[in-house]
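Just below sit the structures, each encoded as structure tokens.
First chain A sits with chain B, and in the next complex the same chain sits with chain C.
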Partner chain A sequence: MTTRCKVAILHKATQQYVDAELIDGVTADEVNAAEAAWRPVLDEELKRMANESVPANRRPEHAHWDWRHKCEVTEGLLVYQMLGIEHDSKMQGLMLVQTAGVFCRLPNQKDKGLVYVMFIATAPWNSPVVVANPRFGQVGTVLIAAATQISLDLGFNGRVGLHSLPQSEDWYEKDMTDVGIDLKKNLRYFEMTPEQANNFIR
Partner chain B sequence: MSTKKTMTLNLTDPEMGALEKLSAARDMSKTAVIRQALRMYQLIDSRLSKGEKLFFEDGLTKEKKEVVVL
Partner chain C sequence: MELKITTEWLKRRAVLDDNAEVSAGLPSINSFVDEANALRQTPGEQLILGEAFGKLVRFMRGVKRLSLEELARSADVEPAELENIEKAGDYRPEPRTVHNLSKILKLPEKKMLELSGNMVVRDTELTFQAERFAANAKHIDRLTSDQKDVLMAFVRYIAESK
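And then the complex of A and B:
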């Protein structure tokens, strides 16, 4: 089942907030449309980066993510929720969360349930790693706020966890607790406590 | 978020005891525990129906034991 609600994202050029829709329960058709719109932009920018010999650590780390496949393997299962933000009939960001079977690692939250953000990405035209002048901002913020809201709704008191790609670590560091490198994934793991969640969505 | 529907749940004393214990241990309401359990049960049922098996692994010995789900 899909629900939609109004949110605001930042139009970077004018620094004005514009209305967008947060979709909880993104459909396969919507994911296909998003991939069809995102992929050419990503491929073109990756080609440009290769031609300009841009170092690997400055190229988008999630360019290989296949949202169609993620949708296909998670569709219909309550434990997974795919959310998106739509504006101007285009998907501006996508997020896949797991809502059961994942527990906190922070010592003072240990073994308490949380919402785990499996994948989160903004559209390539919104990503400063991909384009010089991103179109919309706050897409990630709205999606993480939505994960926090799901956590509250499920009785997890706002607890959220995720593994960050290296390019995004600075962003998560601001609002979440750095639990350190998870050697199993070789990625830094972050958690949002109920207190941090409360501050984040305020 | 989706709208919710209300139902009455009849549990035996041991079932209620287990639910209360989980609720306290996980710092969640009893409703939240039941919703979690449903999510996990649906996931496991879906994987098993595709022919996969569910195992528990001993953290130290790495010994695996299959979980039989009825």
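And then the complex of A and C:
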């Protein structure tokens, strides 16, 4: 079942907040439409970066992600929830979370249930590693707030976990605990404790 | 879901979030694909596990001397859904429902998620034990003492599982 609720995101050019919709239960059609809108922008920017010899560590690390594939793989499985933020009939960001079967790694939270953010990304025109002047800001903030809310609703007290891509580590360490490099995934793993969740959304 | 954040909250965070890149997730989704595909067990396996899950809930409700309505109320589940869980082996409850039932019935959530088809079953012993349990729990209202022993052994197996 899909639900929608009103949220705001920051229109960066005017520094004004604009209305958007948080979609819980993004449909396959909506994901297809998002990919169709995102892919040309990403491809064009990747081409520009190649022409300008932009170093690999400054190119988007998630450029190869295909959200249609993620949607197909999880279709019909209740432990996965796809969320998105829509504004101006365009998807501004997507997030896939797993709501069961994932447990905390922090020693003082060990084995307690959490909401695991499997994938999160903004539309390429909102990403500072893709474009010089992102169109909308705080799209990721609203999505992570939604993951925290799901965790609260499920009785996980706001516990959230995720593997950050290197370009996003600086942001996640502001609100979450850096558990260190997960050698199996070769990515830094972050966890939000109930106290951090409380500080984050208060 | 009701998201409680406001524009004021976003404004307070604006400095922290300025020009933040937020991408997170595994660079390769192969392991995730395997995990998700493994959740799609064969229909036969799903039925065995689902039936055992329903019978386990029904059996533990009896052990705790709770009516269907009482358990539904404590676990914040609709009585009709609980009835479906107990009777229909092919009914797959939502993770939240399994979480609440595990809490009330004091059974490990991970095993309950596996039985209910919400998590990958990595332990082949679980499927074997579940099949044996479901077979013995067919007539749960008139169990022989041998059948009760088998059922209690399954509950112990589940409770002691990590």
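The rule is short, and it goes like this: the second predicted complex is superposed on the first by the 202 of 202 C-alpha atoms of A that agree within 3 Å, B and C clash if a C-alpha of one lies under 4 Å from a C-alpha of the other, contacts with A are read in each partner's own complex, and residues count from 1 in each chain.
The criterion applied here is as follows: a residue touches a chain if its C-beta (ideal position, glycine included) is under 8 Å from a C-beta of that chain, and two chains touch if they have at least 3 such contacts.
Just so we're clear, the structure is a prediction, and the values are computed from it rather than from any experiment.
Asker: After the alignment on chain A, I want to confirm one thing: do chain B and chain C clash, or do they fit together?
Answerer: After superposition on chain A, chain B vs chain C: clash.
Asker: Answer with first, second, both or neither: which of chain B and chain C does A:Met1 touch in the superposed model?
Answerer: first
Asker: Have a look at where A:Gly101 lands relative to chain B and chain C in the superposition and call it first, second, both or neither.
Answerer: both
Asker: Quick one: classify A:Thr27 as touching chain B (first), chain C (second), both or neither.
Answerer: It touches nothing on chain B or chain C.
Asker: In the superposed arrangement, does A:Glu61 touch chain B (first), chain C (second), both or neither?
Answerer: A:Glu61 contacts chain C only, not chain B.
Asker: Does chain A have more residues touched by chain B or by chain C?
Answerer: Touching more of chain A: C.
Asker: What is the contact status of A:Asp153 with respect to chain B (first) and chain C (second): first, second, both, or neither?
Answerer: Touch partners of A:Asp153: chain B and chain C.
Asker: Quick check for you: in the superposed arrangement, does A:Asn198 touch first (chain B), second (chain C), both or neither?
Answerer: Touch partners of A:Asn198: none, neither chain B nor chain C.
Asker: Of the partners chain B and chain C, which touch A:Lys112 in the superposed model: first, second, both, neither?
Answerer: So A:Lys112 only meets chain B here.
Asker: Could you pull out which residues of chain A sit against chain B in one structure and against chain C in the other?
Answerer: 3, 24, 77-79, 99-101, 113, 149-150, 153-155
Asker: Contact residues on chain B for chain A in the complex?
Answerer: It is residues 1-2, 25-29, 31-32, 35-36, 38-40, 42-43, 46 of chain B that touch chain A.
Asker: Can you list the chain A residues touching chain C in their complex?
Answerer: Touching chain C: residues 3, 5, 7-10, 17, 22, 24, 60-62, 65, 69-70, 73-74, 77-80, 93, 96, 99-101, 103, 113, 117-122, 127-129, 134, 137-146, 149-150, 153-155, 162-165, 167-168, 170-172, 174-175, 185-187, 201 of chain A.
Asker: Considering only the defined contacts, which chain C positions touch chain A in the complex?
Answerer: 1-7, 9-11, 13-14, 16-27, 29, 32-33, 36-37, 39-40, 92, 94-96, 98-100, 103, 109-110, 113, 118-120
Asker: Which chain A residues qualify as touching chain B in the complex?
Answerer: 1, 3, 24, 76-79, 99-101, 111-113, 149-150, 153-157
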